[in-house]
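Each of the next two complexes has subunit A plus one other chain: subunit B in the first, subunit C in the second.
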Partner chain A sequence: MTPDAEDYSRLTPGLPWLEALQTEGRRRFADLGLPTPRQEAWRFTNLGPLGRLPWRTAPPGSTTLVPESLPSVVPAGGPPSHRLVFVNGTWRPDLSSPGALPEGVVLTGLASALTDHAGLIEAHLGRLAAVDGHALIALNTGFLASGALLALPAGTVLERPVELVMMGAGTDAERPLAWHPRVLVVAGAGSRATLVEHHVSLNRHPGFANLVAELFLAPGAQLRHYKVQRENPESFHLATVTGRLQHDAGYEGFLLTTGGRLSRNEVRLVLDGAGATVTLNGAYLVRGRQHCDTTTLIDHAHPRGTSRQMFKGVLDAEARAVFQGQVLVRPGAQRTDGHQLHRALLLSDQAQIDAKPELEIHADDVKCSHGATVGDLDDDALFYLRARGIDRDCARALLIAAFVNEAIAEITDPTVATAFEALADGWLTPG
Partner chain B sequence: MTAVSDTIDQVKGLTDQKYKYGFVTEIESETAPKGLNEDVVRFISARKAEPEWLLDWRLRAYRHWLTMVEPGWAKVSYPPIDYQDAFYYSAPKTKAGPKSLDEVDPELLRTYEKLGIPLKEQELLAGVEPRIAVDAVFDSVSVATTFKAKLEEKGIIFCPISEAVANHPDLVRRYLGSVVPYSDNFFATLNSAVFTDGSFVYIPKGVRCPMELSTYFRINAANTGQFERTLIIADDDSVVSYLEGCTAPKRDENQLHAAVVELVALDRAQIKYSTVQNWYPGDEQGRGGIYNFVTKRGACRGVASKISWTQVETGSAITWKYPSCILQGDDSVGEFYSVAITNHHQQADTGTKMIHIGRNTRSTIVSKGISAGQAQNTYRGQVKILPKATGARNHTQCDSLLIGDRCGAHTVPYIESRNRTARVEHEATTAKISEDQLFYCRQRGLSAEDAVSLIVNGFCKEVLKELPMEFAVEAQKLVGISLEGSVG
Partner chain C sequence: MLEITNLHASVGDRPILKGIDLSVQAGQVHAIMGPNGSGKSTLSYILAGREGYTITEGAVTLDGRDLLAQAPEERAASGVFLAFQYPVEIPGVSNATFLKAALNGVRRRRGEKELDAMEFLKLTRVKCRQLGMTDEMLKRAVNVGFSGGEKKRNEVLQMALLDPRLAVLDETDSGLDIDALRIVADGVNALRGPDRAMLVITHYQRLLSYIVPDRVHVLAHGRIQRSGGKELALELEARGYAEFGVDEAA
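Up next is the complex of A and B:
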């Protein structure tokens, strides 16, 4: 993929450090090119179809929209939430409603944040998502034009979720749009927040979202980070989430994927202080010719870290899914407790699943385990329901819903749990 | 004496005798010129008086090898190997070839005695029915084959592969390279070009092999790689159990061992292949030791056929080995039971591949990895379900045990399913020996080292019980020996 020279976009010219970073990102991407299945991390996901489309970088859009018509996972009528809206990767203040924020909290588009918070951004941008060696991060850095900044001073608690609505609205199927937003979260010591990402398409045109998130969790900070991606089945969605947890920080994440022609969530979290905890769960529901890749790396670098992962997948028709989950325990990360489970249901003869759970352990006083299963629904469970007069289709639907909801039920924010469950049910009973 | 207390004694007895198989036999060798080129390949083929087709096959492999690069994906690290700085053929100098044990160099026989191989026909010594037939490979040439006559009665062929090339060319030509083609991978291709010896087994239709067949491999001459090639064919409804044991003398430099084993099981045939690999692992500082890069693969070609791999890997500086099953026949079964123990600076990257092609194929994987000292131990496995493998079933269990905070244990399974009705389950755990278990044993008067040996033997029991009796005791002893010095 070679974006046109005239399409080169920059965040804000005039800041030498930022220009240097973006130039470096572009240079690295030119060296690396798009990843190919010859690279172990991309063994099962081929970006060939992405590389063949004539992408152009999305210009700042002026698509006419009204805030009331926009999708949301936070139900209307409740207490006001904090909402930032992006169209084709560009922040739209006219559609956003950041709401009332506690003293010192920053929630705004990345470009506008550069005027007032350049120092904060310089200290964090690109520190976790380094451009060297990672083509998608390099691409994002090079063409970064927009994004969101959430900064929480020490001890701040945001009661209501922060919602980022990211919408694709291409206008020309022949010249599809690509955007490379960055989400930057700087959570001070002991702060607490909930961040919801909502990725949708407003029409059937293909789009390419190449998102990078950098999450900084100071000691004791708690971040809940939920994401739903339900873009149209022509879209490409690649997200690389990098996070660093200092001691006793906690991260709870959930990835719900139902959309996209080809999507990948790559989550790389470092437990960079003693006693940090990570819960990372997810569910993907795919059909047609969708390809969904979930790649996680939980890097236990300090003692007494805990990580829990549970991923559930449902594949119908000719869908393909990939799960690669690595748990790394570095030397000295004693008393680490890491657990991972991935289960996939294949509903059709053409569906394909590739799973690669991985443990890499360099410390002895640890408890680590992973489990992976692939198969169809349990015949005994189906028989049990049918013996009670429930027809086959109903029984199957019931069991699939229960299978998926086991993961969704782990979401500790009740509003989001309810919304995600409804989205999953909507997928299971189309029309 | 119970096996456990035997293990403990073994550990005690080894405080000043670390690697008891570390001795060198002085025998004149006839060696090919150092290095690798087409002439060396021709030299090997000529020494073995091979037919034209086999030389061609070797040369094709050699030329293909020149185009390949050494694989780098395994989690092992070692200095680059200079393939030109080794001898590819080393045969003990004998006359026309031994007709009986009497003609075998007595020095050689004494070597085997030290190893404890019952090479001499046991029926004469003990007056009992023999249970193991040994095809001993001394460096590159099989020196003696026992019980041949008894096996011949049943129509079983068990002989050095070079002899099979001469006497059973049709069988060899039909099956050699049919499971591991010469172009398969870097090390298998190298082996195809320069393999010197190994065993050949053919079990005819309906025959149950009356004894365990065994090969004892041993690398002796300095700087010679060992490239043996084993081919086992079990015809319809036959059953065979094959044992392979490996030891090598203690040397400072590293030695390369790149073997290929091919198994073919036809309709309802069963092959059980057991290995105790105890090559010299290098010393405490990681000097010396064998580089063990082995390709082992079995094809369940027939319906309801079964191939079972059991391995106890305690030796070698580096192990790179993935005994695999291609489950082609409907209802065929593949099994892989493995114990891999690494201590000091040893590195092991081992596992299996189960390729499910036929309907209702089943596979079981049980892998136990134990890592101590500064060793790295990796399980790498693949379970692949192809679209036609309706009703396929796999269960994988990988457990790792860590002893000490400087070693590593890694699990890298690949699960690839293309069939809705297939069920694949994978479980892996990593833990250390619990303080409670140790305390319990110590309280009852066991030393820390004995307690570890006892607990580790318990941890491995699921796999060790799959070994034939002859190997089980040796394997238990090895578990104790290998972990020597890992605690306290």
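Up next is the complex of A and C:
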């Protein structure tokens, strides 16, 4: 994979710090190359097929779309969300509707934010997602051309969700497009917001989204961060989410994946102050030859942190999934309470799952646990439903939905929970 | 209505049923009593179509149609209803979703119009009221966190909604205290009717004081050893199953 040289630094020329950062990113990526299965963190996910495609960096898009046709978790007719729309990674103000925002809140495309909020961005961009040692972050940084900035002053509460709609619209199967957006969230002390990401494809052409998010949660800030990725089965989707929670901050994340040929969500959260809480749940439903990787690192660096993770996976046909869940409790992070659960349903003999939970504990007064199960549907439950007149396929779909909905039910925003449940149901009853 | 003829069945290589003959007419309630391991539950599962049993000989028909060739969901539509000894808990599926899927599954196969959400709710409320139940348990996940009595009442509610020709009650009294037993039995009795047959499977006579059968059969060693009127149940209660070569104290 050789990114095009002419596409460098479309973000904003003339900012020396940014140009230096991007140059460093490109240099690092040139050194590192794409990760390979020889690296422990990538043992079960082979990016070989991605590296063999002749990617080119997506030009600014002009795809014609109507905003009404764009996905949203908010029911039509109700109060709208604050929505930013991206096509092939480029922010499209003409399709976006950020709406009225409380005093001091910034929600805009990263490129335009650099004009008015360069100081804020300089203070945060690349601080959590460091280019050294992480090829995908280096690649994203080097070719960073767009993204979103959400900044919340201390004490601000956003009642309605912020939605980032990121759409792939490839034009050519022979020369697929790649984009490297950055999501930057700077949540001031005690602020609260809900951020929803939609990743979809507008056609059948392959795309490569290499997303990096940096989430800064000041003391007491509460961020709900929900993501659904349902790109077409030719696409590659790699996301690296980095976050830092100061004391008493709270993060609630949910990752719903039904799309992509090869996808990976790598979430790295540091509980960098006492009493921070992380809830990170997710569900993936994959079939065909899809490959879905979920890799999490919850880094308990201070006392009294809480982390809860529940992931549910459903695999059919020849699909493969990877779950790597690492919980790190550093010395001094006493009274940490960490739980992790990963459960997968294999609906076919050819489906495959590699699960690797990893607890690394360097403090003595902690409560940590993990659990992992892989199985088939419960025969007793299946017979019970069929004995009541529910046909076999319908009974299976009910049980699979119930399995997945146990995770989705953990989403505290009821509108998002309803929308995600419907998306999971849509996977179960295609067409 | 239900005709069981020379039914032999095994699990793996082990024969469990060794030639059952039984005929139940519409409107009748028959009890099948027997010690543990006699094949009572096997018989009920075979009628409902559970996998894992091999029928080596014999036939079962309901209203003249071969039952053994039908999938479990087809039998439900044909009118077979098994009230489970241990109703299965299904986390994540609400009782309302379950009941509606079941009712509409059966109605579709019977060539009847499916009910929409409003019609379903109305019908279910009527049935709940007839059975002296609240509709609060509709919102909960199927049998999850239900007491023993609630689970059995939920079975009776399902029976009322699905309106079966043949109801098979497998050890319905197990796990119930006397008050719960009375409530469940009242529900079952309310569903007795001239078009419906019932097969009440039980170890103990106790249940038969509340659901009074027309006929009682003793099942032991995979065969019906003796048949009689309701007084046979009292006789068994007094004398146990010893005369059928079963020593339950052992």
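By our rule, the second predicted complex is superposed on the first by the 428 of 431 C-alpha atoms of A that agree within 3 Å, B and C clash if a C-alpha of one lies under 4 Å from a C-alpha of the other, contacts with A are read in each partner's own complex, and residues count from 1 in each chain.
Here is the rule we use: a residue touches a chain if its C-beta (ideal position, glycine included) is under 8 Å from a C-beta of that chain, and two chains touch if they have at least 3 such contacts.
The structure displayed is predicted, hence computed values, not measured ones.
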Specify the outcome, clash or fit, for subunit B and subunit C once both structures are aligned onto subunit A.
fit
Should A:Gln334 be classified as contacting the first partner (subunit B), the second (subunit C), both, or neither?
first
Looking only at subunit A, is it subunit B or subunit C that touches more of its residues?
B
Touch test for A:Glu360: subunit B only (first), subunit C only (second), both, or neither?
first
Tell me which partner A:Asp376 touches in the superposition: subunit B (first), subunit C (second), both or neither.
first
Just to be sure I read the superposition right, which of the two partners does A:Trp17 touch: subunit B = first, subunit C = second, or both, or neither?
neither
In whole Å, what is the nearest CA distance you get between subunit B and subunit C after the fit?
15
Set of subunit A residues, in rising order, touched by both subunit B and subunit C:
none
Going by the contact rule set out above, which residues of subunit B touch subunit A in the complex?
73, 385, 387, 400, 402-432
For the complex, give me every residue of subunit A touching subunit B.
40, 331-332, 334, 344, 346-349, 351-376
How about subunit A: which of its residues touch subunit C in the complex?
378-381, 383-392, 394-395, 398-399, 401-403, 405-406, 409
Residue numbers of subunit C touching subunit A in their complex, please.
48-51, 71-73, 75-77, 82, 84, 87-88, 90-93, 97-98, 101-103, 105-106, 109, 141, 158, 162
